[in-house]
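Letters A, B, C, D, E and F mark the chains as written, and numbering starts fresh at 1 in each.
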Amino acid sequence: MRYIDEFRDGALARRLAATIAAEVDPSRDYRLMEFCGGHTHAIFRYGVQDLMPPNLRFAHGPGCPVCVLPMARIDQAIAMAEQHGVTLCTYGDLMRVPASGRRTLLKAKADGADIRMIYSTQDALAIARTEAGRQVVLFAIGFETTTPPTAVALKQARAEGLRNFSVFCNHVLTPPALETILAASGNDGGDGDIGTVALDGILGPSHVSTIIGSRPYEFVPARFGTPVVIAGFEPLDVMQSALMLVRQINAGVARVENQYTRAVTRDGNARAQALMAETFGPRDRFEWRGLGHLPHSALRVADAYAEFDAEQRFPVATGNGREIRGCECPSVLRGLLEPTDCKLFGSVCTPENPMGACMVSSEGACAAYWSYGRLRHGRAGDAIRGDVDAAAGSNAEASP
Amino acid sequence: MCLAIPAQILDLDPATDSATVSLGGVRKSVSVALVEDVAVGDYVLVHVGYALNRISPQEAERTLALIREAGALDAEAAPGA
Amino acid sequence: MTRRRFTGQLDLEHGSVDLTHGSGGRAMAQLIDELFRRHLDNALLAQGNDQALFQPPPGRLAISTDGHVIAPLFFPGGDIGCLAVHGTVNDVAMSGARPLYLAAGFILEEGLPLADLARIVRSMAQAANEAGVAVVTGDTKVVERGKGDGCFITTTGVGVVPDGIDISGDRAVPGDAILVSGCLGDHGVAIMSRRENLGFETEIASDTAALHDLVAAMIAAVPEIHCLRDPTRGGLATTLNELALQSGVGMRIHEPAIPVRPEVAAACELLGLDPLYVANEGKLVAICPAERADTLLMAMRSHPKGRDAAIIGQVIEDPHRFVQMETAFGGSRIVDWLAGEQLPRIC
Amino acid sequence: MTRRRFTGQLDLEHGSVDLTHGSGGRAMAQLIDELFRRHLDNALLAQGNDQALFQPPPGRLAISTDGHVIAPLFFPGGDIGCLAVHGTVNDVAMSGARPLYLAAGFILEEGLPLADLARIVRSMAQAANEAGVAVVTGDTKVVERGKGDGCFITTTGVGVVPDGIDISGDRAVPGDAILVSGCLGDHGVAIMSRRENLGFETEIASDTAALHDLVAAMIAAVPEIHCLRDPTRGGLATTLNELALQSGVGMRIHEPAIPVRPEVAAACELLGLDPLYVANEGKLVAICPAERADTLLMAMRSHPKGRDAAIIGQVIEDPHRFVQMETAFGGSRIVDWLAGEQLPRIC
Amino acid sequence: MRYIDEFRDGALARRLAATIAAEVDPSRDYRLMEFCGGHTHAIFRYGVQDLMPPNLRFAHGPGCPVCVLPMARIDQAIAMAEQHGVTLCTYGDLMRVPASGRRTLLKAKADGADIRMIYSTQDALAIARTEAGRQVVLFAIGFETTTPPTAVALKQARAEGLRNFSVFCNHVLTPPALETILAASGNDGGDGDIGTVALDGILGPSHVSTIIGSRPYEFVPARFGTPVVIAGFEPLDVMQSALMLVRQINAGVARVENQYTRAVTRDGNARAQALMAETFGPRDRFEWRGLGHLPHSALRVADAYAEFDAEQRFPVATGNGREIRGCECPSVLRGLLEPTDCKLFGSVCTPENPMGACMVSSEGACAAYWSYGRLRHGRAGDAIRGDVDAAAGSNAEASP
Amino acid sequence: MCLAIPAQILDLDPATDSATVSLGGVRKSVSVALVEDVAVGDYVLVHVGYALNRISPQEAERTLALIREAGALDAEAAPGA
């Protein structure tokens, strides 16, 4: 697979690893935050951490749209489906995220709500077209990457006069989140308000940047003095970006560099940006799970498209979402805690029984630690013993 | 969530603003409403059924060259070796 | 045998089946361990493989399978769990076999309350236990809501036929006596009484029961029984027509001799149904040489599951293979195959 | 065997299943005679009783059951009919058994075109024929529209295990070699390619196939095989975790050694899936003493169904029973149980 | 069961049979038409014909509401369900009646139409109440017996303001049908227009008469000189009524007598009649299968209830209904032919493969002949050979 | 279609115009909207969930008496005997 296989070359990886090992200053630590869940996933799936010198550690950022969606928004989506009887269309990632009272979209579906997994906003439009008697609500989530497809669907719906289609908009913007993380981590020189783990460098968003370009991250070195490298999602991309950050750090400079030049420019995709500007407007503030209410950090359906706004068409009560006690997702999402620092990790919280969103998405840090990495981690003993007790198996065929 | 895959355009249908792309022999129809001036043969990044962006072959080659160059230093010092 | 521990128990109080329970992953393993394997526990099931291995006792083996799709899942006198055991045990037993093992395939609909499933599995375990059979292997699938109906259970049974026994639907000969083991129509009426739109109430409970012990007692008394069959779907009328066709004979039965509870007769009046076509799940039809009929009847009546047994007619010569009935009124008529459906989904 | 004649033939062109086909009456008898018995014809089925009787060959018997609920019913490389044969034949074969007989329980949804059902039954008959097994008994139920999904088939298989063979999921020991019989993920990808909303196209066909002949060839070469299992639902990852847990061992596999077709890898990239978790219906995992691995590999590769067989790793000591993988990239990671569902209804 | 068992007493039946045998005039035939399918069913189910002297024969009348419903009306009901997406509620008897092109409600249901079997008009109301999003149409058929329950439902629907309930009215009236039969049979002394088999007496409707009383049949002796006995549906009722007819015939008198006095009066049920008058109005003409278009022979929803008239709410094309060639239902329904006179009987037409409605309902003459009586009838040989060929069985358990 | 069954009224609910009737131990709720002045203990003819009419015990007895009387003539001449 072109543009994939080349960037997963194990031989190149070993040589790049040697270079990184050679270039790091053994007298200091390098704490690099990968913003995106895509990076987190790659790091664990390919075992990238194994190839890094011990003093270079990845901190996992909030870049998993599923993980940062506040519970209350899922509660609202379920309420729309159950109270208004709408057909709720959702990307599969969201199905198992715990909402209040440990409900999930999957459970709501099992209980009779009409919830459909889609793979594209086009699927939601198609359902609206063929099932004219039903109100179809697209449960739209995601960063700037996933927003333009929602924008296209809105335009199409209006052009076709689809009166039974609307969007429950939960699209969020990455720069405000990054700003919050850095401010909170004390990277601006002040006291971090939620912790004091300074970050030495940022692996910047990959596919988000194909849309918005790298320019929106230039405030990071300017205001926080922290270097940024826009990094692709393949494991060699991640490693090369780490090397680029090490070099900036070693040189004492801080700028935005672009490792992912094959897809990202400084200005991004102008057509997509224009579509987003037409169909969405900014929200004054929006809650990010773990980060709190951040100003200007999310989008709403634009006034010109208000008739397609599910929040207006199907009003439901908005609550606060009752988080599960003991879940450290908020700190994990800010890079303050590792998943294994959470008391629930592995003992109560596992991917099939998740307490927080970070354990659901394969891009969530907790799920990545659990599924790929628990061989390696200090507190994993609990987790392992939580998994199997003693011998003798149970297999799918030997049921019931 | 931000999963996006490079795939090659096999043909374009301007009427529906869509294209058939191929990834390792797998064909899929995607919307090209978000990309300007793509042509058959181009590689695009596909995300939730949409082409997000063209991939630049030159830049890809340059990145690989940089990686090879960086890795040429000293293969023996690597922990994974 | 030790088991995995899972993080968090199955929520048997408020939980419900979802698609993860059929995916092959941990949620499914947990369902199997904590529900199926826990209640159905036995040495062969504990082998934990894709199949159960056993050394068959000497003799011919009998194998039979039945899908159970009953609605409602719970009904007076039983539920789909015990029915799935009895239905297949009986089909095996109708060869004269002693049932040994069951395999069980579950098809669960997303949304089925786990409490219901647990109740079904416990009932199944109890029925298997009482019948002396073990559920040694199984399978669980989950289908989306609207693609199933709560719970379907397909069971397959294996049993061993004692040497010297030759019971088959093609062995009825003119002159043979026809017996039934008890009152007809209880199961069907019990199910219908729970159909909301039929809206009637009765004390009648399903007769669902395993009959192999009755069969063993019958064979002990009269080893030369010609035919055995359980009159389930389509009732006595269907079973007699099947046997007549298979053996190439006619039958003549006597309406006043056929045991039917008054409440069943009344419910059938109300619904315009004929009890001869109503399903049973704990009754059998036996055909034996006329001169052994009284002995067989005595053996049946001395068994708790044959207390109301009766001789209801005889096999006759008839190239047309009609089942005829002398009515209580004094006339006679054909008892034909069921046409159309009587009422759906009663087994 | 002669049969009833019915007034009017089944309309296999335009007809569809309705509730009368499950009622026990003539419409059902006609469906059974003209479709099931006609295509699946064999001496045991022709006994025409509630059960099939057979004299088992000497040896231990293996029994296994599987419900098949696949959507769509027809897919590249097969359909639910042949799948229902292969799925159960393979589970029986994974004990080293030679499959002998199948029982089949059909749950049909009102409205299923009779043409589809005929196609399914013919495919089933052909698959059984090719596998040398006979469908000797069965059952048919019809459920109302919206209570099923066209056609579910639960098959139960019985086979005989040659003396001296001891294959079980609990027999893997550290040092053993782990082999797979061919490329992974074909079945799952073929099914997904027919899901309308996934909307991709590929040349990949399901690998659905009966593996007992491959197993026989493997046993002939290496009778001391420790474990066999077919990596169906949940894929290779799930099967290896099952075996590790059951045997109380760990496993280490090598990503570059695992055979996966490029198109399957590509489809998985596109869908964000891992081929290790994608279902197979014509592949097996074998575990044997390391010193016999090459012989076993050769035996597998000389069989048409094992042409792409590979040694993919080894059993290791691990009290935690982890399955670990050295990635092609040079790192290592756990290959965990599947969490949640990957995609529903692929077998 | 009180009022049932007493009237099925076999000992009494034998004695009554002896009396009838003693009283009939051996030099003549007695041809009695039982109007109702209920009588037909009793005659076959209990073997009443066996107890009659050979010169007393029953002719089966048109009194099976299922049998006389024209195909086109079933076509229309299917069209309502399929074209308008309504929920069609129907009594079970109708499910298997062949409509045009050999479709049935059962097949339409299997093909996806929302068709529900009900046992009472109250069930249809209950569906309308709980499934507010669906339009529920009661496919109302039946004689005067079954009409008042529809009337009650109409009144309730209006009282409750149920806007999603309506009635597809097919209720028909028995006196016009009886008049047509007698005129056609030449009982008025004229040439029968469709045959010349005179009837010596009529077993009059039983449960119809509980509603309308016996008075509406007094035109029969008056105009045709044919005796009528309103007869209960139990077998002793039928036998006693036959005896009463034999006595009238022997005495050369013709009047309406009432055997079923325990439930029928001369005037009937006034409350039910008032309800019917309020909710229904007469149709100018209506088609009866086999009898043609009879004037004033059916009811429609009254103007005051027009909003509950499904024919107005869900208009569909009305066709003629394509009868199956060779089906002799029309003649069977008029008592002109016996079912065994039909060439299709048993060879092509059986209850599971019916060509006409008379083979569907257990009250239809063809079904009664087939299911209970074909041992006895001349041409039954064909029918029998149509059923089984040679030995060897197929049973439900031995499937697949 | 005109099937109607005699059943005895066990209790009446004027609020819903319905009654519980019993037939040989089977209980069923039916509408009594079509009958006037029925009382507990009465027998009614039940058709499609409605009581159509009261059954007169006196008339039933009278009918049976007539049948018995007619049948007293000569039991031996019957074909069915």
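The rule is short, and it goes like this: a residue touches a chain if its C-beta (ideal position, glycine included) is under 8 Å from a C-beta of that chain, and two chains touch if they have at least 3 such contacts.
Small disclaimer: the values here were computed from a predicted structure and weren't measured.
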item: Same-site or different-site touching of chain C by its copy chain D, using the half cut; value: same
item: Pair exhibiting more inter-chain C-beta contacts, A-D or E-F; value: E-F
item: Farthest chain relative to chain A (centres taken as mean CA coordinates); value: F
item: C-alpha-based rotation, chain B on chain F, 0 to 180 degrees, nearest 5; value: 180
item: Chain whose Cα centroid lies at the greatest distance from that of chain B; value: F
item: Separation of chain B from chain F, taking each centre as the mean of its C-alpha atoms, in whole Å; value: 83
item: Chain centre separation (chain B, chain D; CA means) in Å; value: 37
item: Distance between the centres, which are taken as Cα means, of chain D and chain C, whole angstrom; value: 29
item: For chain C, residues contacting two or more additional chains; value: 4, 19-20, 24-27, 29, 47-51, 64, 66, 91, 104, 106, 137-140, 169-170, 199, 229, 232-234, 238, 245-246, 262, 265-266, 269, 272, 330-331, 339-340
item: Per-residue overlap in chain F, given as positions that touch at least 2 other chains; value: 3, 5, 23-24, 49, 80
item: Set of chain E residues in contact with two or more other chains; value: 1, 4, 13-14, 17, 50-51, 96, 119-120, 123, 350-352, 387-388, 390-397
item: Touching residues (chain side chain F, partner chain E) in the complex; value: 1-6, 8, 23-24, 31, 33-36, 43, 45, 47-50, 52-57, 59-60, 62-64, 66-68, 70-81
item: In the complex with chain F, residue positions of chain E that touch it; value: 1-4, 6-7, 12-19, 21-22, 36-38, 50-54, 63-66, 91, 93, 119-123, 141-143, 145-146, 148-149, 152, 205-208, 210-211, 232-233, 236-237, 239-240, 243, 259-263, 269, 271-272, 275, 361, 363
item: Residues on chain C engaged by chain F in the complex (per definition of touch); value: 199-203, 262-263, 265-267, 269-270, 272, 330-331
item: Chain C - residues contacting chain E, complex; value: 64, 66, 91, 169-170, 197-199, 229, 232-234, 238-239, 242-243, 245-248, 262, 265-266, 269, 272, 320-322, 324, 327-334, 336, 339-340
item: Residues of chain E defined as touching chain C within the complex; value: 1, 4, 8-10, 13-14, 17, 44-51, 95-96, 117-120, 123, 235, 350-352, 362, 367, 370-375, 384, 387-388, 390-397
